[in-house]
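Both of the next two complexes hold subunit A, though its partner changes from subunit B to subunit C.
After this line comes the complex of A and B, so read on.
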């Protein structure tokens, strides 16, 4: 092996390690820098000449974080989200794996939807979950439509083998949808 | 001479063969297999006191207290039904599952829409049946989020100048049928606990009987009787809990020892799980005015995961007979003890006089159960007269006629870490809520139903009020034969199939039988069909705008002509993939139903229309 190749291999390895830091960073409850959940963050409105505020840097840190996603996945089951949204295909509630977002598909908008509830039946979880848990859930919801890097999601499905593993979910574009529909 | 005879025989043989081939082809073309009922067999007839002579109106979803869904009108018959054409249509402006039948009283038609449950009164005396009034009750939108199977409504009930209906957000209302003004509104269920109301009320003896929905939300099921005049609650009979809540007293006479004991609504559950044990009352009620008993079935126990509720889970998935005056239970029969598969017992119950072998007529009730068995029971005491499977069943081994108990198939029991495949019938049963019709002319029950099996895995569900309490992963698909729907004509006396029509999509519409010998039903891709009541031959069909999951009715218009009406608007549990725009890549979506109707979004769109048909003048 030439030293040049060895060097570039090492550089690649270092780069990969650095890249995976965000993915691997373990978030310990209480010590994490949890951003506030923006009330009613909505994408489909007129901002009177300006534009929606950017996503909080700390919120973005939840996204693509393997630990947050794994915890969100557990909460998705434990909090009965699965009963309405299925494994992403929906049911009593809308699908979360497609390209339609009634109340916005950004992580802060999803967190806001979970915290506040929505008029067509989405319950308000603010009293049942901590902000950190809501961010974790939102991070997991983002994975259902393939928005998140594949090395941060679980490669194994936790269903009875019916749904494809999350690493196989193709990324969907984030588009608005009619919020008047149920 | 011998040659001529041989020739004649040969020709006759050829003619017979050709005729046989043609006949077979015709049968294949209409997807119909026919087995005629044995001649001379005594027929069941509707209970006389519960099915008065037809006045041409349609005042309640079941047509009469016996729930026959049989119209004595006979202008439309197999000879002329092919000429049936649209008389008028009406759009409700909704795009949710449209399950309610229109009602007709005198010269007015009343249409109840799915959420937001608006009621429209149409003037049948004028061309095009223009709107007389609209009633807008404005139920909470949030109720849609706790309705397991679409924000549907299964119909209103007309009695004594008032329309009675239930709103999705848990209220029962009485509306002045002449003006559309609200007379009273009573809160009967609480959406914060996951309760909604989707069923059609039944009004009898001055009482409005209403049950809650929410068997998938950990509610505590109950039937509530309201005073028809004031809306005040007269009595509430719970499905679970101590005897005093279930209204079980000294008059309780269960038909079998399995349903006898003290406080079974508590002791057949672990700990306090009966408080969140389901047993909701979202289906059909029938009423016997002579015995003064109301009959209805209770829903599945909650959660679906059976490991969280060892025991029989009384009084879920069974049939109650209650005294209408006091609500006291006369008898209870648990069709599916410790239900494993969401096999609610809420299907329609038809009251008939049933011919016993000794020539006696027994006051009976007949019902095609979700668990796949057709039950005939003495409605005075609940005793089983006969039970037979009317669909493919491998989830149970039968019914023990001595103990009355359903015999489980232990190999088919889902457990944590063990997914069970090919369970038939699937969670919606061999037949779901959509009601059959019973014709006294043929003595047959016309059953629109489904042919689905499923894979099921379970995990622990947490009870959080207002969220689903299910704990199961389900994936459904077509059962044996590959057709997802079946229309079966069933002889309830001989307990055998007379004919069946295989339908590609699950059948989610009700059936209507008429004295003209024509039976009507609709399909989820929008075809409204008329078939011959004797052999199932397709006589006429019309393609409506959306899919049909409604209940057809027949009435005599102010002009003396016979009309047929049906709502078109796909949805409900089976059509959620369309109305909720679900993603079919997830087979578990809509609690597993989506996998069985992956093609539906490509075949039909949502809508909300009432179609009325008549023969040309």
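After this line comes the complex of A and C, so read on.
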């Protein structure tokens, strides 16, 4: 084996290893770059007539990170989101696994919805959770409708589930909730 | 240099076994005493066999030259063996049989004895393992609610207790070497462990199944105390939390009950009712914080409240952005929760 071949092989292997780092990186609370949760990032109507601003790079990092999604899943159970939203299928609250988003389906919009609360029952979690935890929850909520890259979601849920594994959910198109009526 | 380092390392390893706080050679409960007896039985039998075996080999080595010279093969059979060898080999086989049988019987008797101890538990405690802390609940007679505490186990001496073991996330294992052997805590299953403590004292339990990042910082403070002390402790634990005194503690009380703390922690008698994290009702009466990570004192408590990830990286308690006076107030209030 020539030394040049060996070197380039090593470089490729190194590159391949480094590429996978972001997805698996553990988020230690307080040491992650947490973007602020913008209050007005919520309803799609805010952006009428102009295109919405791009998603913050740091916010996007949350939904590509396996650790954030796993922690979000844990919080979804612990904070009793299940009580109203079921395991994503909805109940007293709206479903989170379909293509209807009353207040926007982007991660920053979902985080804003969790932080601020919404009419008809969704409480505000701003003082009850840290911003980081809200981003983690939002990242997990995105996985329920298959929005997140498949190598970051867990193949199994922590609990019993009657839905296909998240790795096999095709992404639902993100539409505002009233789009069907328009 | 290397030799001195090796000596120090060896000495440290040997001396670390000297404390009575966490040792399987203590025998402070009926179970561990049984196991200890079994251990010494095994040790005696195995040592005897080992000495005999090595002795026999040495004799064989010493005799080998003479034996080889005298070896004559006739019709494919060895005739030159000394006449004593045959009875010796038969005796050896018999000794192995007797030794193994003795060990099997001793194991059986130990098992039966422990099972017999378990038949009449007088106290039922449920221990639920979480990453990385222990949730402890006492079932009280005459009530439907259980008394909840965390990371500490109080047992009255001489009272057989049944510990019911459950897990909320991954497989853990509860090991209090002074009192009993290990038992796994498996999600979705209910295991149990029998403890019949015979001597009062402070012991340390430890998670004995790798359960994640902070597996090493998952300890359980065990207190075996007299029946009156236990009754006193139980009465104190049944009370709701103490009310805050003075403006600083009141500020801490307001923060704990209205902010993120209350999402996970319970302080009974207040608005804080989360069940995700350890119960804090009588937090300051415990010996350590964060499941045995640090001893309970104001410095450690401040460090823990200000940045849990600094003390126990990876723990599920997040770093909450707090002002300095808020940290001080929360710590002051937590210290009130005796």
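To be clear about the criterion, the second predicted complex is superposed on the first by the 150 of 182 C-alpha atoms of A that agree within 3 Å, B and C clash if a C-alpha of one lies under 4 Å from a C-alpha of the other, contacts with A are read in each partner's own complex, and residues count from 1 in each chain.
Criterion: a contact is a pair of C-beta atoms (placed from the backbone, for glycine too) under 8 Å apart; a residue touches a chain by one contact, two chains touch by 3 or more.
This structure is a prediction, so every number in the text was calculated from the model and none was measured.
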item	value
Which of subunit B and subunit C A:79 touches, first, second, both or neither	both
First (subunit B), second (subunit C), both or neither touched by A:127	second
Overlap of the subunit B and subunit C footprints on subunit A, listed as residue numbers	78-79, 128
Subunit B-facing residues of subunit A, complex	77-80, 82-84, 86-95, 97-98, 100, 119-123, 128, 159-164, 181-182
Subunit B residues touching subunit A - in the complex, by the definition given at the top	95-96, 141-148, 151, 216, 419, 455-457, 459, 461-462, 464, 466-470, 473, 475, 576, 579-591, 594-595
Footprint of subunit A on subunit C - complex, ascending	169, 213, 258-260, 262-264, 276, 307-309, 313-314, 316-321
Subunit C-touching residues of subunit A, taken from the complex the two chains share	26, 28-31, 71, 74, 78-79, 127-130, 132-133, 158
